[in-house]
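Here's the structure we're looking at; comments come further down.
Labels for the chains are A, B and C, by order of writing; each one numbers its residues from 1.
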Amino acid sequence: MRVWSRAGAVAVAIAVVAAVAGCQNNGGANANPKVLTYWASQQSPSVERDKEILKPELRKFTERTGIRVNLEVIPFTDLLNRILTATTSGKGPDVINLGNSWAPSLQATGALVEWDDAMMARLGGAKRFTPVSLQTGGAEGTTPTSVPLYSKVYQLYYNKKLFERAGITKPPATWKDFVTTARKLTKDTDGDGRTDQWGLGVRGQAGTIAVHYAYILGSARGAEFFAGDKPAFDSPAAVKGIEQYLSWMGKDKIVNPSDAENADWADVYEAFAEDHIGMMLVQTLGQTLKDYHLTDEDYGVAPMPAATGPGSKNVGSFLGGTNAAILKSTDNLDGATELIKFLTGPQEQVTLNAAYGTIPPVKDAKGKAFETEEAKIARQTMATRAIPLPRVPQETQFETLIGNAVVNWLSDTATGKQPGGEQISSALKDASAKVSAGG
Amino acid sequence: MRHETRGFRIFRRTTLTLLTAFVCAPLFVMASTAVKPLNQVQGEFRWIPTEPTLAPFVDMWTTVPLARYFANSIVVAGLATVLSVAVAVLAAYAISRWRFRGREAFKVTILSTQMFPGILFLLPLFLLFVMVDRYTGLSLVGSRLGLIITYLTFSLPFSIWMLVGYFETIPRELDDAAKVDGVGPVRMLYSILLPAARPAVVAVSIFSFMVAWGEVLFASVLTTEQTRTVAVGLQAYASEANVYWNQVMAASLAVSAPIVIAFLVLQRHIASGMTAGAVK
Amino acid sequence: MTISSGARAGAGDETRRRHRKNGDKALIGKDVRNDENPKNSTGLRTRRRRWTPYVFLLPALVLELVVHFGPMVSGLTMSAMKLTQYQLAHWWQAPFAGADNYKAVLDFDQPVGASLLNSFLVTLGFTVVVLAASWSMGLAAAVSLQRTRRGVGLLRTLFLIPYALPAFAAVITWRFLLQRDNGMLNHILVDQLGVLDDNAFFLIGSNSFWSQCVVAIWRLWPFAFLMIMAGLQSVPDEVYEASSLDGAGPWRQLREITLPMLAPVNQVLLLVMFLWTFKEFETPYVLFGGSTPEQARLLSVEIYQNSFVTWNFGLGSAMSVLLLLFLLLVTGIYLAVTRRRASLHEA
């Protein structure tokens, strides 16, 4: 039911337009040192809850610095549109949050303040951050224009009850084991001749998610999706990665074909909570499953399985999450920098990431909340097995084109017509051509 | 009343039965889903809820700021309708009661806008609004005003076209009599044509209101969280963590009710207003 | 009720009368002062009178220019530019592409052109199916209710609900019904009727085309019904009575009286429905959510994807312009043919 995700794409395009005016002011000034406007992204299930989490923290900031912060929490669906339309009129905020995959596109508009070494030094230096999270700040080979706040990675969540019933003792470590394990979990439990329990659940109709799998599985086999900033989607490794994903539903039959219709994660979580599926591959969930009355008694967390075979790389996930940035149109550059210093400080990082169920991108944020199995595994993945999404301005096109293509192939697979490698390869070539034509 | 052959009677009954089923099934599901608890909606399909509840109608106001969307839609659709009808009445009056240079050109132009694919001018319109914002400070992007202006032009061509058709069915003898009495053009419109054209004005108003109430594409681009209309706002019932199908249906019923009721109450006016324009 | 039906009949009479008068009107149409009462026309007054219609027209004109024609011309300009996200910020300075965009979208051997052609054919099929079904259903319902008294009001009201329902509410409900596992349709087909052995997909794969048609028909047919019914009401009862006396049954009456009398309504109805259906956007947008299956991808969705998903506004605008030209062409031919036929009839 995620009808408006395309409206999001429109918003991106429009945002670029709106950024025109933003470029006119270069560098940011300090005319208004006592007030800041901060647009935070909605990180919890409701805007109200976000406010409850952020307001007391921002009060601490005001006590410390004497700077008042006008907070507005904005859902992700609106955020990009808002950021860029605001810069047009010059009445924009000083500090914003942004989804980290937008970072190169927003950077290309020239509306954001650059985080060079001197600026980073004010946050305590680049060394405080995990290297991969810092890479999400902008396009490859440029000075970043945003800094990471909250991070997430893909992980394997499994249903302990179903594992026990099937006599499985530990979660799979490689993709090969993964299929074997999932097969054991796929069965007809009530004997009516129809399979009603499946190894894996997927959110099959979401292009945004399909492209994540394609990217992770392809990269783990050594695929590079861009050569420099030239699109090169049709490498054999990328094709194999997509085939692997489709085969889970097709050849391997470990995914319910109905999942091809799943437009929301909620569809998958429901099935997981009702013991219809044994495993999910999802970004760090934090508190989400509490809504379904599940605790860590009910489910376990493991790292994403690893690829084996020649040419494979140790890639488990890309790094998702939220970054913060300063708009060049700010009239309080020092205050804005102070606010980001505050938000990325060790103490606030612990408080906020714990509240949102995300992982701190800074190394010195340590707390009880991150002692859980889930957080430990996530941090390990971030440190050793995570890569950024392609850091080129065409990243958004890559996401939508490949995402839509994979969704369509999964639909074909669901109706019994899994596409072959050649078909996938030639379609990926077409997609590359389309993106090149646009560039 | 009249004789009816057997074949025709069978045809009539079959037609009406099938069409009733076709129309009713989705409406029934909409209503029955709206009174189911969430767990029944997520499971296997059932026609009748076993534990009917009105909770979705209560919860829908808190899951999503529906009241705000409602208010926005009422303001946007209401003003767009009033303005659009006013503008259309003036234009239709000019076209039906005067022969002037450019009259035919104007009529053709108005009709041709019916052919414009909305998608072609979404981006240019947005660029235009951004420009206006920059140079005059009049905020059109993200504000209700921008949406009102957009919607009012959406229904304008159809409204003008229908009103011209209807105005021309009003006998000119009335005008002539008034003219002899020295009645000016504005008063003529106000006191003679408008009262006579009430069905058409009602039809056009409803039509404009429906257009503004249900439009999705432009609203998704031209509004912010604060100015969001119901048509777009209903998306929020499907969040990452949960899809509240029962609340979606309850809210759909709630947002549809005013427009459907208005339409049904005024359907006779609409039919006569529309065909006068159509037969033209 | 009696008043409005009286008005309707009056409107019909008046219309027919006007048709006959059309000839003389065209002759005097060029005379600017045609409508003026000669007794009152002093020089000053004439000048004022001459401006009066333009004053009334002004608001509509300004709005149309600003919201439709201005952007429309920009759209045309964009279609001749190499315009992507990088140039968008200064779009008026984007490099001139001449006919390149048009060449690209019309090259059916290349990916861009091939998918445009595919969606054109899908749209054509969709329009034919939806138009034929909506019109037939509207006619069938209107004829069935024409001479019955019992329950007419109730059924008519019921039939009109889908048209009055906002697009979002209607389509999202259908999306719910068409789900594979928990949807109504599979429940009927598999569990209740046993027509199918296994749950079918309606929202993905090749069935999605038909699902889209059904939803569009559900939303559109009441409009045909409304128009046809109103058209039928302007046919005087005496005509039917006279033909009954001649021994004509309902079928012959349908062929010999109803359909010919409906010709003017049909002329407009079919054109309007064609234009709406060919540009249909909201049904696929809401029904399929994130990604429309290839088998059901309509032109408007294709253009949307090219403009806002791959951010190639030059290509997207070129496609829109082609769509516009196609619609203008079809409308022009349609009007020419139907007018000629109408004038032949009168002669």
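Note that in this section a contact is a pair of C-beta atoms (placed from the backbone, for glycine too) under 8 Å apart; a residue touches a chain by one contact, two chains touch by 3 or more.
Note that the structure is a prediction, hence the values are computed from the model and not measured.
Novice: Going by the touch criterion stated earlier, list every chain that contacts subunit A and also contacts subunit B.
Specialist: Output, common partners of subunit A and subunit B: C.
Novice: Find the two chains joined by the most C-beta pairs in contact, please.
Specialist: Looking at every pair of chains, the most contacts join B-C.
Novice: Determine the centre-to-centre distance between subunit A and subunit C, using the mean Cα coordinates as centres, and give it in whole Å.
Specialist: Chain centroid spacing, subunit A to subunit C, equals 42 Å.
Novice: On a C-alpha centroid basis, what's the spacing between subunit B and subunit C, in Å?
Specialist: 15
Novice: By the touch rule stated above, which residues of subunit A touch at least two different other chains?
Specialist: 1-3, 10, 13, 17, 20, 263
Novice: Which subunit C residues touch at least two other chains?
Specialist: 91, 172, 181, 285-286, 304, 307-308, 313
Novice: Quick check: what residues of subunit B touch more than one other chain, meaning two or more?
Specialist: Residues 42, 122-123, 127, 232, 248 of subunit B each touch two or more of the other chains.
Novice: Could you please specify the touching residues of subunit B with respect to subunit A in the complex?
Specialist: 42, 122-123, 126-127, 130, 133-134, 137, 139, 141-142, 220-221, 224-225, 232, 235-236, 238-243, 248
Novice: Could you please specify the touching residues of subunit A with respect to subunit C in the complex?
Specialist: By the definition above, subunit A touches subunit C via 1-3, 5-6, 9-10, 13, 16-17, 19-20, 23, 105, 108-109, 205-208, 257-258, 260-261, 263, 393, 396-397, 400-401, 403-404, 407-408, 411-412, 414-415, 430-431, 433-435, 437-439.
Novice: Please give the residue numbers of subunit A that touch subunit B in the complex, ascending.
Specialist: 1-4, 7, 10-11, 13-14, 17-18, 20-21, 45, 74-75, 77-78, 81-82, 85, 88-89, 263-267, 269-270, 288, 291
Novice: Show me the residue ranges of subunit B that touch subunit C in the complex, using the header's touch definition.
Specialist: Interface residues on subunit B, with respect to subunit C: 1-5, 7-8, 11-12, 15-16, 19-20, 22-27, 29-30, 33, 42-45, 86-88, 90-91, 93-95, 97-101, 103, 106, 109-110, 112-125, 127-128, 149-150, 152-153, 156-157, 160, 166, 168-169, 171, 176, 179-180, 182, 185, 199, 210, 213-214, 216-217, 230-232, 234, 245, 248-249, 252-253, 255-256, 259-260, 263-264, 267-272, 274-276, 278-280.
Novice: Give every residue of subunit C touching subunit B within the complex, in rising order.
Specialist: The contact residues of subunit C facing subunit B are 1, 4-5, 7-8, 10-12, 14-15, 18, 28-32, 34-35, 37, 40, 50, 52-54, 56-57, 59-61, 63-64, 66-72, 74-75, 78, 91, 137, 140-141, 143-145, 147-149, 155-170, 172-174, 176-177, 181-184, 186-187, 218, 222, 226-227, 229-231, 233-234, 240-241, 244, 249-251, 264-265, 268-269, 272, 275, 279, 281-282, 285-286, 300, 303-304, 307-308, 313, 316-317, 320-321, 323-324, 327-328, 331.
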